[in-house]
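Each of the two complexes below includes subunit A, the first together with subunit B, the second together with subunit C.
Up next, the complex of A and B:
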């Protein structure tokens, strides 16, 4: 009983710590400047959509939104496509080969992005690719592939090996087994992986800052323009932040369901 | 011509030989059961036939074609798995049609074949369902349907009934037997269940530790086992084994039971075993009768009585050795002392150390 009580107290404290800043961001985005800077802070105020109007009228922001959308969706799709093929291949190896390959994948995940961002920047400058979308798409796909592989391996491992044996006897070639049996059976996991890749790419700042040009700036880079020499435009900044968070919030809710589904699909014998 | 020839097949994992010089000939239309305890290599052998495992050396010939180096999809075999291995995201119709689809048949031909197979297995009402909506017995029927749809050279069954409950197992076993009699195809069936082996097989291959112990009809295997392992593995209740020594006296073969002064006069020839050879005498339950103690050749005490209805399964203690037999219901009581009449003409003699059959 007492244990339960402390569990819930702890939970409330934790949730408050995590959710309060988010709450403050969202609430501030609906405030007029005078409410935003009121000391002591006002809890009740007259909400306004001015900040959102201002942000949505801002061409740079809208373009950054489109950039982010295009870059994160396409790089994630590429990463998952490559990752699924690789993960399928790895799960069908014998244990010894497999361990080596998994170690290699893990080493790719451990390596910090900084290691290759600098040489990539150099190449991009020489190729004149700094202002092109494919550069960001390629780099993010590259970063996401190891992650996608490791995650998809766990989903493919849940699929009984005998399905592959049965398909081989039934006359299927390796790619048909992957495409018609493994991929559909791991559908939940594939969707979850895709969404997690999108989430990561959407929020990523460092690579985008280094490798994006004026016309390929993504959202995390773009919103720094609200931090001006004239001061921080809190209203616009928080409105932009709210708009950035919104699609990811929706995806986050989706991915939660998919991951749980993906996990249980494997444990129930099909 | 043999439909399946397995010639000198060897396979080992590291230094452990799982298949040791296996050679089996299977004629067309036969129902061969690979039988053995778990880990004897029977499943490995079946997977090797299917092309799912590579073999170390030797060759496998199916329908006159050497398939040793061919991948599974080119061997023209069909397989039914213990775990059913149905494709979870496909309907029953798609599952059964899958082998045909992989062979590039058109939709209409596939659909007709699926309907034909569904009619044979009486699963027409299930065709649009997903595997997870089916019971275990229904799933295995679908898996058999998937094997049947293609008319392959060889059917392989890997313990197909082991995941089913007892009643269903009996039903499906009978169904598989009827299916074999109807389509007259060559089938290779792996099991550890001797009842399945005895009831289904036209030929049984007994394996132990990767070595073929005996190949024969169910009758031969039961009445004429090649060695002690086979004798012990087959039969329920199990064969009674008595340890002792043979003796040769005046042209008569005697069996002297260990730990007692009982001497049994054997009808077998004295050429069988030398004097004082350590021997094991095996008797099937039906060759041991309970009689009044006075005119018995051997006495025993009743350890346990298990009534099954029409008859009792009685565990006896014969001079320290356990012996399980069947008797009419209510004939014995636990703890009582009984006399035994042995049908020594049917006795099997084995060499003690090697387990080799003498008679």
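Up next, the complex of A and C:
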């Protein structure tokens, strides 16, 4: 009995530690400035939507929302389309060939982003492409392709190979097998991969910081503009932060089973 | 019936070819640029300088300190996250109501936008009105300058990193624990092993592979950590939180010294690979397959 009591106390402490920062940001976004900085902190206060109004009236921020949306959806769609083709091809090979390909794909994910961001930046400056959406879309698609391939491989592996053999005996073309049998059978996996790509791209900061221009800024870059030299506008900042992460928390919980699976693929499979 | 050729390889070969070609061209180009002295401040007037950039790095105290900080941060972050994560996994290893809900909630830090995580912790560490100092004062300690003191700032970023990534260790090890058989544990208990012995000699060795993989992932990611540093400290105060990745960023995008920044980036890449191989060797020894 006492043991159980301590277990639940420990559980509450753990959850409080995990959730407190999230709670604090969201709650602060509904506070007036005098409540936000009150010491000791106020737990009960009069909620206000002022901060959200301020953020949504900010043209730059609204545009960043559009940019993030366009860039993450299109680059993820491209990456999943390319990734599905490659993953299908790789799963049909014999074990030895597969291992080689899978190793190569994983090795693409180890180099720090800095190594390829600098030459891309240098090119973009010379081409005058720094302020164009296609640059970000192309770079993110390139980053997401290896990830999409390795994750989709695990989903395609779940489909029995007999399906393909039977279809081939019936004379189906390879592309028809991919399009009519594999894609529908792995629908859930394809959607999960797409969502995970969107989540990564939406949250990504380094590439966005270095390769976006004034009119292509995505949300994580845009929010840093609230960190001014005059000080930090915490009210607007926390409201913006809440708006940025909420859609991703919802998406993340939708694909919760796949997240750990997806992130493990970022590294060596032994 | 004659064996038909298998067209499935055409599905991946062009894609892999493009990926290989792109990475090959980029690598050659990056190495080539690192042997020159290209700077955007005087574009078009760069010359071949051989390995001067590499010599410069090993005589550059700022770069070497950044390298040391990267090592320190990586070792601390990885080991604390793995040990703490495992402790929590063992603590949670029982049946209780709402276990599924707890797992879902543990996802929150992982999927929270890293920039927002950095901002949140900066808010909590605010010297005047942050929760961290309020908590300290309630416990009877003096207020700390969490992000403003060169002796403390790196550890404050470390706390934020631990908060964000320990749940990842927990979830991954929990998944491994679920798929592990429970017979060996029961057998050990029947043989009269104490609970800590079961944990130490049976349970942890079974999780060895999962622990090794999660440690590798965390090490790679910590070496490349950028977002939290940029948001919380920008490498300051007095460069006390400047890691190698961040230094490379500053050289490239503040000083516009393309060649030198690529040298830093390549050294970081080599360093990552060496660390990876070393860890891989320790975690997956050749003789004596891990159980």
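Keep this in mind: the second predicted complex is superposed on the first by the 242 of 270 C-alpha atoms of A that agree within 3 Å, B and C clash if a C-alpha of one lies under 4 Å from a C-alpha of the other, contacts with A are read in each partner's own complex, and residues count from 1 in each chain.
The working rule: contacts are C-beta pairs under 8 Å (C-beta built on N, C-alpha and C of every residue); 3 or more make two chains touch, one makes a residue touch a chain.
As the structure is a computational prediction, the values presented were derived from the model and not from experiment.
Trainee: Looking at A:254, would you say it contacts subunit B, subunit C, both, or neither? Reply first, second, both or neither.
Mentor: It touches nothing on subunit B or subunit C.
Trainee: Once the shared chain is lined up, is A:41 touching subunit B (first), subunit C (second), both, or neither of them?
Mentor: second
Trainee: Using the superposition described at the top, determine whether subunit B or subunit C touches more residues of subunit A.
Mentor: On the superposition, C touches more of the residues of subunit A.
Trainee: Identify the partner contact of A:16: answer first if only subunit B is touched, second if only subunit C is, both if each is, neither if none is.
Mentor: Neither: A:16 stays clear of subunit B and subunit C.
Trainee: If you stack the two complexes on chain A, which partner ends up touching A:106: first (subunit B), second (subunit C), both, or neither?
Mentor: neither
Trainee: Pick one for A:127: touches subunit B only (first), subunit C only (second), both, or neither.
Mentor: neither
Trainee: A:187 contacts which: subunit B (first), subunit C (second), both, neither?
Mentor: It touches subunit B, and subunit C stays clear.
Trainee: Using the superposition on chain A described above, determine whether A:49 touches subunit B (first), subunit C (second), both, or neither.
Mentor: Touch partners of A:49: none, neither subunit B nor subunit C.
Trainee: If I apply the document's touch criterion, which positions on subunit A are contacted by subunit B in one structure and by subunit C in the other?
Mentor: The answer is residues 168, 268-270 of subunit A.
Trainee: Over in the complex, which subunit C residues touch subunit A? Could you list them?
Mentor: Touch residues, subunit C against subunit A: 4, 6-13, 15-16, 19-20, 22-23, 26, 29-30, 33, 38, 40, 88, 91-92, 94, 96, 102-117, 119-124, 128-129, 131, 134, 163, 167-168, 171-172, 175, 209, 213-214, 216-217, 220-221, 223-224, 226-227, 230-231, 245, 248-249, 252-253, 258, 261-262, 264-266, 268-269, 272-273, 276, 280, 284.
Trainee: Could you please specify the touching residues of subunit A with respect to subunit B in the complex?
Mentor: 160, 162-163, 165-173, 176, 180-181, 184-185, 187, 268-270
Trainee: Please output the residues of subunit B touching subunit A within their complex, sorted ascending.
Mentor: 47, 50-52, 71-73, 75, 77-79, 81, 83, 85-90, 98-99, 102-103, 131-132, 146, 150, 156
Trainee: Looking at the complex, which residues from subunit A come into contact with subunit C?
Mentor: Going through subunit A, the ones touching subunit C are 7-8, 10-11, 14-15, 17-22, 24-25, 28, 36-41, 82, 85-90, 92-93, 101, 104-105, 108, 110-116, 118-119, 121-122, 125, 142, 145-146, 149, 168, 174, 178, 199, 202-203, 205-206, 209-210, 219-220, 223-224, 227, 232, 234, 237-238, 241, 244-245, 248-249, 251-253, 256, 259-260, 263-264, 266-270.
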